Each structure stands twice: as C-alpha cells, then as structure tokens.
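Please read the structure below before turning to the comments.
We call the chains A, B, C, D, E, F and G, going by the order they appear; numbering starts again at 1 in every chain.
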Amino acid sequence: MSKKATYEEQIVELENIIREIEDESISVDELAAKVKRAAELIRKCQSVLQATSKEVDDILKDML
Amino acid sequence: MSKKATYEEQIVELENIIREIEDESISVDELAAKVKRAAELIRKCQSVLQATSKEVDDILKDML
Amino acid sequence: MSKKATYEEQIVELENIIREIEDESISVDELAAKVKRAAELIRKCQSVLQATSKEVDDILKDML
Amino acid sequence: MSKKATYEEQIVELENIIREIEDESISVDELAAKVKRAAELIRKCQSVLQATSKEVDDILKDML
Amino acid sequence: MSKKATYEEQIVELENIIREIEDESISVDELAAKVKRAAELIRKCQSVLQATSKEVDDILKDML
Amino acid sequence: MSKKATYEEQIVELENIIREIEDESISVDELAAKVKRAAELIRKCQSVLQATSKEVDDILKDML
Amino acid sequence: MTSTSAAQNKQGDGRKIFPLSKLTESISVQMDKSFPGEYWITAEVNKLNYYPHSGNCHPALVEKSEGRIIAELKAFIQSGRYREIQNKFTSTLGNSLSDGMQILFKCKVGFHSLYGLTLNIIDIEPAYTLGEMARMRLEALKKLKAEGILDTNKSVHLPLLLRRIAVISVETSKGWRDFNSVLDACPFRNSIKLTLYPALLQGDQAVSSILGALENIHIDHHQYDCVAILRGGGGETGLDCYDNYKLAKAVCLFPLPVLTGIGHATNLTVVEQVAYGNLITPTALGRFVTDRFDAFAERLMAATRSLKNLSRGLLPLQVHKLELYKNSLAKVGQQRVRKSRELLLNTSRRVEVIVKSLLEQTTASLSYQLPARLGEAYRRLAIAQTAILDKSANRLTAQATAICRERIHRLAFLAEKVRLLDPAHTLKRGYSITLNNGKPVKSVNDLIPGDTLETIFAEGKTTSTVNTIKHE
C-alpha cells in the first residue's frame, strides 16, 4: 500500500478533483489534465473493484 | 478455549464483520480480506456444528 | 445422598439441561457435553428404576 | 386404652404410604423403602387379624 | 506551456485588448490588427474549451 | 510606416491645416495649396478608414 | 289413753294399771279418730318385700332428702290388690312395681293390736311413677352432666378390632346366644376372646349385680378392648335399672368403652345414652364387632391391592417419563443444531447479500455517480467559460464597430470643415477677395489711394486702382 495508492486514496483524490471542478477553483488549462487524471482514477478504481468483486465472488462461491 | 476460539466467539466476530460491511465502515481495500475472514469463520462454525451434530447423534443413538 | 445424587436430583438436572437446550441458553460449544450429561443422567435414572423395580418386585413376591 | 393399639397406627401408616404412592408424592428414591415398609405393615396387621385368642394374649403381653 | 500561450494568458490578453479598445486608446492603424488578435484569441479559447469538452465527453463515454 | 504616413499622422496634419486656415495665418496664395492638401489627406484617411472598417467587419463577421 | 277402757284396774297406790290389749285398743281408737279416711301419700319403695307364698307384699317405704332417709314406714299390700296393681304397672310403665320406684299410693292408716302401726295400701298410681321415672332419668342425666362425665365413656378410645370383650350377660340368656352365633359366623372368630361376667340384667338386683360385674372387669380392664352389656329375651320390662344414676355414673367413668345391647325400650335409658355405643340388640352388637373386623380386613386388603398395583404402576410410569425425556432430549438437541445451522446459513446469505450490495453500490458510484458528477461539473465550467468568451466577443464587436463609426464621423466633420474654409466656396456665393500686393485686404486703413488692388472672383481676376479712401 506504500507503493500503490489504495482504492480509498484514489477515491479521495477523485473526489477532490471533482470538487475542484465543481468549485471552479481549477483553471481551464489544467482542466484537461485533471479530467484525464479523474478518468484514470476511475478506471483504476474500477479495476480494483472488479478484482475485488471477482475475489469476493470466488470466496462466496466457495462458502455456500 | 484459550487456544481455539469458541463457536460463540466466532459468531460474534462474524456478526461484527457483517455490521462493519453494512455500516460501510469497511473500505474496498479491506473488503476481500474481511469477506475471506467471514467465509473462514462460517466454514469453521459449520465444521463445529457438524462435529457437534455428529457427537449429539452418536450420543442419542447410543442412548436409544 | 451427599455422595450420590438421588433419582429426583438427577431428574431435576435432566429437566434443567433440556430446558436450557430449548431456551438456547446453552451455547453450541457446550451442547455436546450437555447432551452427553443428559444421556448419562437418563441411563443412571434407568438403572435406578430397574434396581428399584427389581427390589419392589421381590418385596411384593415375598408378600404373597 | 386411651393409647391406640399398634396395629391401628400401623394401618394408618400403611394407608398413608399408599396415599403417598398414589399421589406420586413419593420419589423413586424412597419407593423401595416405602414399599418394604408397607409390606411389613401389611404382614403385621394380617398377623393381628389372624392371631388366635392365645396368640392375641401373647401379642398383648408382649405389647404391654 | 512555454511555447504555447495558456488559455488563461490568452484570456488576460483578450481582456487587455478589449479594455484598450474600450478606452479608445487604440489607433485606427492598430485597430484591425487588435481586433484580429482578439478574435483569434477568442477562437483559440473556444477551441481549447471545445477540445477539453470533447475529451471529457470521450472519457465519460468510455466510462459509461 | 516609415514610408507611408499613418492614418493618425494624416489626421494630425489635417487638423493642423484646418487650424492654420482658421487662424488666417495662412496667405491666400498658400491657402489654395493647403486646402488642396487637406482634401488630399481627407481622401487618404477615408480610404484607410474604409479599408479598416471593412477589415474589422470581416473579422467580426468571421468570429461570430 | 282414754279411761273408758274396759280393761282398766285401779291399784291401792292410786296408780291406774291397764292390760296391753286395753292400750292397743285405745291407740287403735285414737288412730281411727285421728286418721279417719284414706290418704294419698308419696314415697319410695325401698324394698318391695313380696312374698310369693302368701302373695302379700310388705313394702318398706322411705322418704329421702339429699340422699338421707328422713322417714321410713312399712306398708302392706294385700295379695289380690298387689296383683291388680302389678297389672296396671306393667301395662302403663312396661315395668312391674319394683325396688327404688317412687310411688303415689292410696292408703289407710291403722293400728293393729298384733302388728302395731299398719299402712294398708289400697291403690298405687302408675302414672305418677312413670312421671317420676322420667323425672329421675332426667335428673340422673342432669347430674351426670353437671359432673361433667356425661360423655366421658364416649371419649374413651374404642379399638378398631374388639378382640377381647368383657361381656356382662347371663350364660343361658337368648342375648348371649344371639351374640355368640353372630361371632361364630365371623372368619376372625379365633381372634376374638370373650370373657363372660355373669350378672342379673333386669329386676331389683340388676343395678348391684351389674355394678359388681363392672367392678370385677375393672380389675383386669387392661386385658379388654371393651365391655358389652347384653340382655336378650327379657321383653320390654325391667329396664328401669338402666336409668339408675349409680349404674350410669359407673358406665360413664368406666375406663373401657361400654357397648350396650339390652333390647328395645320405649325410651332410651340413661345407661344406653352414656355408654360408648348403644347397639340396641345383642345381635346388632355382635355385628358391630364383626363388621369392624371385616372393615379392618377390607382396609388391609385394599391397602395390599393398592400397594401391588401402584408399586408396579409407578415404575412403568417413570420408565415412560424417562422415555419422554429421552425423546425431548433428542428433539431439542437436534433442533438446536438445526437452528444453529439455519442461523449460520442465513448469516452466510446475509454476508453474500450485503457484500454484493456494497460492491454494486460502489460500482454504481464509480461508474455512474462520480463520472456524472465530473461531467456535470465540467459542463457547468465550460458553460461559464463560453459565456465569458461570448461576452468578450460581444464587447469586442460593439467597441470596434463603435470606433470605426466614430472615426468615420470625425473625418466627415473635418472634411466639412475644410470645405467650408475653402475660399472657392465663398467666392461662389458672390463674395470676392481683394488683394493688395498679394495680400488680402482686411482693413481700409491698410490702403492708400493709388494702390493697385487685385480682386479675385469665382470665375477669374480683375485688377483695379484705389481712388479715394473714406473712413467710417
């Protein structure tokens, strides 16, 4: 977790970006980069979530 | 009982995990681990129950 | 009576165990032990009954 | 003769024992002893009924 | 950003031009050039916005 | 601009001529010449202005 | 003594001397004088003194006060009269005249030379005696009650089994036979021991006879369960002895329960009332004894039966109960395991449900909510920026157009000004310019006559000379 940002950290970053855009405290110049970053974060989180989902499903399948 | 957690202790732990998940006080990062633990606890409890069931049945069979 | 539990005491203990199991005031951990104890009490009571039965029969036989 | 005859007390004792057995107010633990006592009382009372005049005299002599 | 003027810089330049024009401190000789520049800046900013918009839309489209 | 006088310089010259004429500090001999020069300046400025106006209109038309 | 006695003699010393007969005669005369008629007298028959041989009766009469004899007199009842009186008594009282009776009698008092004072009873009123007997019976009961012993014998313990019975009876009596025949039919006859204390059970001697028997029994009373007084075949007469206070008191105070079977009387006698039990007849008394044996035997048999049935019944009941315990133990044990299993299964289902729900929710948040928020935020920002740009464009357009317009206008103004200043314009309206030495003439004072003036017209020039100068 030291090396790789956790899901939660990424969600926090994502939330911050969205809030900045919402507050219009971001310049248009940075905007594209930020949006790109947000997209990247979302993708990363999705993949983490998918992995977790799969893992959980496997565990649950074994369990029942 | 010092070494091995009892059925009741395991049920309590299991309930706590469920409550955490319900409260969403568990992060996605921890989720898989928690679910794994829950599954493990359920499995353990099941095996305790099976053993108990068998023991009880044997006792009752002997008795009748 | 100090050393050996009487039939009546054993019946009371037996009833208590059955009630405890019914009430779920007994944990799964204790269940097998309690059932074992109950079975033992029933066996003991049966043997007391048999002995008493034999004794009573002998007395009545003598009486006629 | 204000004092009751032994057999009178004995038949009352006998009937009390029987009532106790009837009422199930006698425990299994006591049963054999009670039945034994009842049998003894019956024997004694029967002997009073069947005794010859002479025996009656003897019994009475013993009693006084 | 060293090479290419940023959106924000362009907005500043645009504002300056408009203010100059509004102050009537501009000569007829320069007017056409300034207007041309301002129009160019507006176009550029619009295209930055459009580009970013497209980018965001693409990202969102990808994501959904 | 070194070769060709700017619109603004021509306007200044024109205004100076007008002021000289109005001051009557000009001889009748010169007058005709001055008037002639003024007319010439006016013509030049008009053409510059027309060109500029057209250019600006074109730019704005393009822009909107 | 009257001097009219026929048998009197005179002595020399003056003493009068009479023969005995003279005296008795004289007494007789005096008696007849003093007691001329017949009198009704009450007294108690202390002793009847009936002489069967002669049939005469010489009752000794007394009067008592607080138990002491205060008057005593012998009377005489002639045999024929005695028979009449007895008949009346028997029919009225059910009892013959006998010792101890209170009687009301009609008599003649006389004096007989041979027998002395004579009380000749002519009649006796049985109704009075009957009343007296009832009164005495009541008195006896009252007395016993006052002494607090009326129910004493009733409170003595009567054993269940009357195995040793002291019988007061007569061996040859029907009562004794009846009693024995009832007992002989009893299967427990061997257990019953009878001891006969013979006594007279009716008549004058009965009270003392029965009291004597009771005394004898009393000596050995520890050997007996009860006393039975049996009288049978004696008819309805002679029962007044049982009203006797002394006998009744003895019965009351007797340490053994006294049972009576003395036959049927019109009224219950005192003894019957105070005895432990009155069975009326000897047969009934015998049945009373045997019934108690039967009852005891029945109780014992019932107890034996119950003991066998119950003792054998109780244990199978317990065995059955244990069987039930066994079943319920099996039931609750398995039920408990089943329930725990269900609970665990539910728990695992719950885990699945909430985990999936959490993941779905998170996925939704990540895939829809956050991107939507991002898009929305961006759109809002873009719209704001576009608005700024639009505003700038508008401002630019407005201002640039305005500047152009203003410059065109200003140039037009300057052009007009130049046109107006152009002399050609003035000349066309009829004005002309006068020049002196090439310079416009602005004042008449600048001219002197002889100057050559050049006049410029719109269409050409002329030259002229100044002739005169006139000042205004």
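Here is the rule we use: a contact is a pair of C-beta atoms (placed from the backbone, for glycine too) under 8 Å apart; a residue touches a chain by one contact, two chains touch by 3 or more.
Small disclaimer: the values here were computed from a predicted structure and weren't measured.
Undergrad: Walk from subunit D over to subunit E along touching chains and report the minimum step count.
TA: Minimal hop count between subunit D and subunit E: 2.
Undergrad: Find the chain most remote from subunit F, comparing centres computed as mean CA coordinates.
TA: Following the centroid criterion, the farthest chain would be D.
Undergrad: What chain pair has the highest count of contacting C-beta pairs?
TA: Ranked by C-beta contact count, first place goes to D-G.
Undergrad: Specify, for the interface formed by the sequence copies subunit A and subunit B, whether it is same or different in terms of residue numbers shared by both sides, with half as the dividing line.
TA: different
Undergrad: Quick one: report the Å distance separating subunit B from subunit C, using the average Cα coordinate of each chain.
TA: It comes to 33 Å between the two C-alpha centres.
Undergrad: Using mean CA coordinates as chain centres, what's the gap between subunit B and subunit G in Å?
TA: Here the centre of subunit G sits 58 Å away from the centre of subunit B.
Undergrad: Between subunit B and subunit F, what's the gap in Å when you average each chain's C-alpha atoms?
TA: 99
Undergrad: Residues of subunit C that contact two or more other chains, please.
TA: Within subunit C, residues 28, 31, 35, 39, 42, 45, 49, 52, 56, 60, 63 contact more than one other chain.
Undergrad: Residues touching two or more other chains, restricted to subunit G: which are they?
TA: 304, 307, 311, 315, 318, 326, 329, 333, 337, 340, 348, 351, 355, 359, 362, 367, 371, 374, 378, 385, 393, 396, 400, 404, 407
Undergrad: Which pairs of chains touch each other?
TA: Pairwise, the chains that meet the contact rule are A-B, A-E, A-G, B-C, B-G, C-D, C-G, D-G, E-F, E-G, F-G.
Undergrad: Can you list the residues on subunit G that touch subunit D in the complex?
TA: 156-157, 159-161, 163-164, 188, 190-193, 221-223, 225, 255-257, 293, 296-297, 299-300, 303-304, 306-307, 310-311, 314-315, 317-318
Undergrad: Report the residues of subunit B in contact with subunit A in the complex, numbered from low to high.
TA: Listed in rising order, the residues of subunit B that touch subunit A are 27-29, 31-32, 35-36, 39, 42-43.
Undergrad: Could you list, by residue number, the parts of subunit G that touch subunit A in their complex?
TA: Against subunit A, the touching part of subunit G is residues 348-349, 351-352, 355-356, 359, 362-363, 366-367, 370-371, 373-374, 377-378, 380-381, 384-385.
Undergrad: Taking the touch rule as given, give the residues of subunit E at its contact with subunit G in the complex, in rising order.
TA: Its residues touching subunit G are 11, 14-15, 17-18, 21-22, 24, 26, 28, 31, 35, 38-39, 42, 45-46, 49, 52-53, 56-57, 59-60, 63-64.
Undergrad: State the interface residues of subunit E toward subunit A in the complex, per the touch definition above.
TA: Those residues of subunit E that touch subunit A are 1, 6-8, 45, 48-49, 51-52, 55-56, 59, 62-63.
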